[in-house]
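Take this structure first; my questions come after.
Each chain gets a letter, A, B and C, in the order it is written, and its residues are counted from 1.
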């Protein structure tokens, strides 16, 4: 559902492009290697399987490195980072770069916590293809002032568009700042995805799973800006449909997987109307 | 649904008080730091989000310590304890005490397993605000004879009221022994919560998530006895409603999250009738 | 739903035998110790609870060893193997053998990844009672040529019957190769289970949970070949019913747990018709 507000300089992302990326995603079912927090592993894997990607998760640093020769993309999330997971992350990122695979960073709660903050600051020097976060996380990584309390962002995505653009310019990554509206930028162009269920904030891991979905879309070989925006559109469209079919956050999670499985151009076009 | 049996000396917990704590919980959405077993992380986070609290989970000891300056409460569960998690637990508990935050212990399967038993025995000396367990766990921790086989309690909560009272007196913690009936005591007064779905025993993590819900309620600043009893009442009322809407344990889990999201005074009053 | 194709030398597994094992499983609720990958812990525990077994998961090597004196069976899955988990797995397997408990190996993605491949090659020398995998995994372990890409098998179970028989002869284990059709063999006799929902491939952990269900069935003390085939029949029958009640992979997971909870002889007989 489009809203009145239109941030200066952002462009609505066309449903037809998202539908095209969706078709590619389902044809290729790209094998996507995911190192994420232990809260959302199951939901993330199920979300990627539902839409048609092929998720895989590993723990060991050497196996994480080896697996990049099989995988098409890598997704990194630092939500429950440990010293040993940091070793696996670094090995996987190095291997992804060597294999020429795109990789995505989700800098959960970066800022107030030291281990992940140091790691994220190092990782953005490692040529991520995309970075997806909430407003606080993107503002923190970009060096803007922000107010975070763990994974819960109190800033609005609308307020973080400039930070996202700046971070994209600093890192050469696509930056997606998501929230009530999603903005996806390469540092110049800013795409906008509106809609989506507000009830997503009452289930854990929607943002984390979205980051892995960005990685899967990048794994198709599609242009990164369109790939990342498509992932945002998939989640927005599917969650709107899911909310209509649900009675609360429990049934929303279930219906989200069902609606991602069925997602089509018609559903994506609803976001534009 | 109240039953005929009334253990000597226990008092039914009033729905109106639970509803008042529920209101506070939703207004404050207390940031609750949870270190729990890897089986129940997702369900626990979703359960707290559904009712209106703000869960956060971390793994690194230093981050676990740092996070207590942001959090309002801490929940510890030893269900899949490892040596490295024990380090994080100790760091988090120390930081919670320093920050003046309440913390809750869930001593899963204490007794037959050595690492967790040593840790739990040490932790109850660390001024927990509340301890929640099944009958076997509470009897074991209190030094009473019990029969446990892992996380499955074969004793009844009715048989563990004296052990709970004794453990509360030994530790100055609120002790909640939960089962078909829940008893919550400060060592003197014993509150009782009846009702709840028996089908909860066929989903993993209901008890574990309840412990984290106790922590969230303590995070509101409410008096610990009422906060802990309220968490038990929320789970009992929501699970009764969920059972009516479900066809088995799979749909019960889903409906439980939905009914916690919607939970109100009317639902809580059903437990009294 | 039986299909035209009938591999030479395989015998349909009778529903009546599966129903008998189901009855034993529910009477005994065998305590089943599960060390599995961190993606599927919750789903696996819920699946075993739904049908009537008693799952338990631990992390610490010493506790994993201690627990075998309480448990009736052990299930090992290497899907997110780490060095520290390998230590716990070895301790648990040693303890299971000492206690005389059956144990099951799920060799997820064996072949292209070094840590798990070395461990699995060592573990099949440790007298597993059963091995369950997809076609690629069983062909790899048996020393046959195969094509794997991580956990996703591209070979058909129909093509892996000879590999399964060979692996059973090499290891003295029951080998179950599962897919569109499941084959379960002791190296001589080959039982066949047909049916099941193809949509299971769109949720994570169905195969992993099936391996733990095999362990639970072995924990009843029933003859291993029948126990393993029964677990396959339970999953096939329950998933067919679940598919009829679902709108996609999200609701399939939920309905699968519900239908396992209710599963009966009548449901199992549908697989034969």
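Operating definition for what follows: contacts are C-beta pairs under 8 Å (C-beta built on N, C-alpha and C of every residue); 3 or more make two chains touch, one makes a residue touch a chain.
Because the structure is a prediction, the values reported are computed rather than measured.
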item: Arrangement of touching chains [line / ring / star / complete / other]; value: complete
item: Copies chain A and chain C - rotation angle from C-alpha fit, nearest 5 degrees; value: 120
item: Distance between chain centroids, defined by C-alpha means - chain A, chain B (Å); value: 33
item: Residues of chain A whose C-beta touches two or more other chains; value: 38, 41-42, 84, 253-254
item: Of chain C, residues touching chain A in the complex; value: 37-43, 79-85, 109, 112-116, 149-152, 201-205, 246-251, 253-254
item: In the complex with chain A, residue positions of chain B that touch it; value: 31, 38, 41-42, 45-46, 49-50, 54-60, 62-63, 66-67, 70-71, 84, 253-262
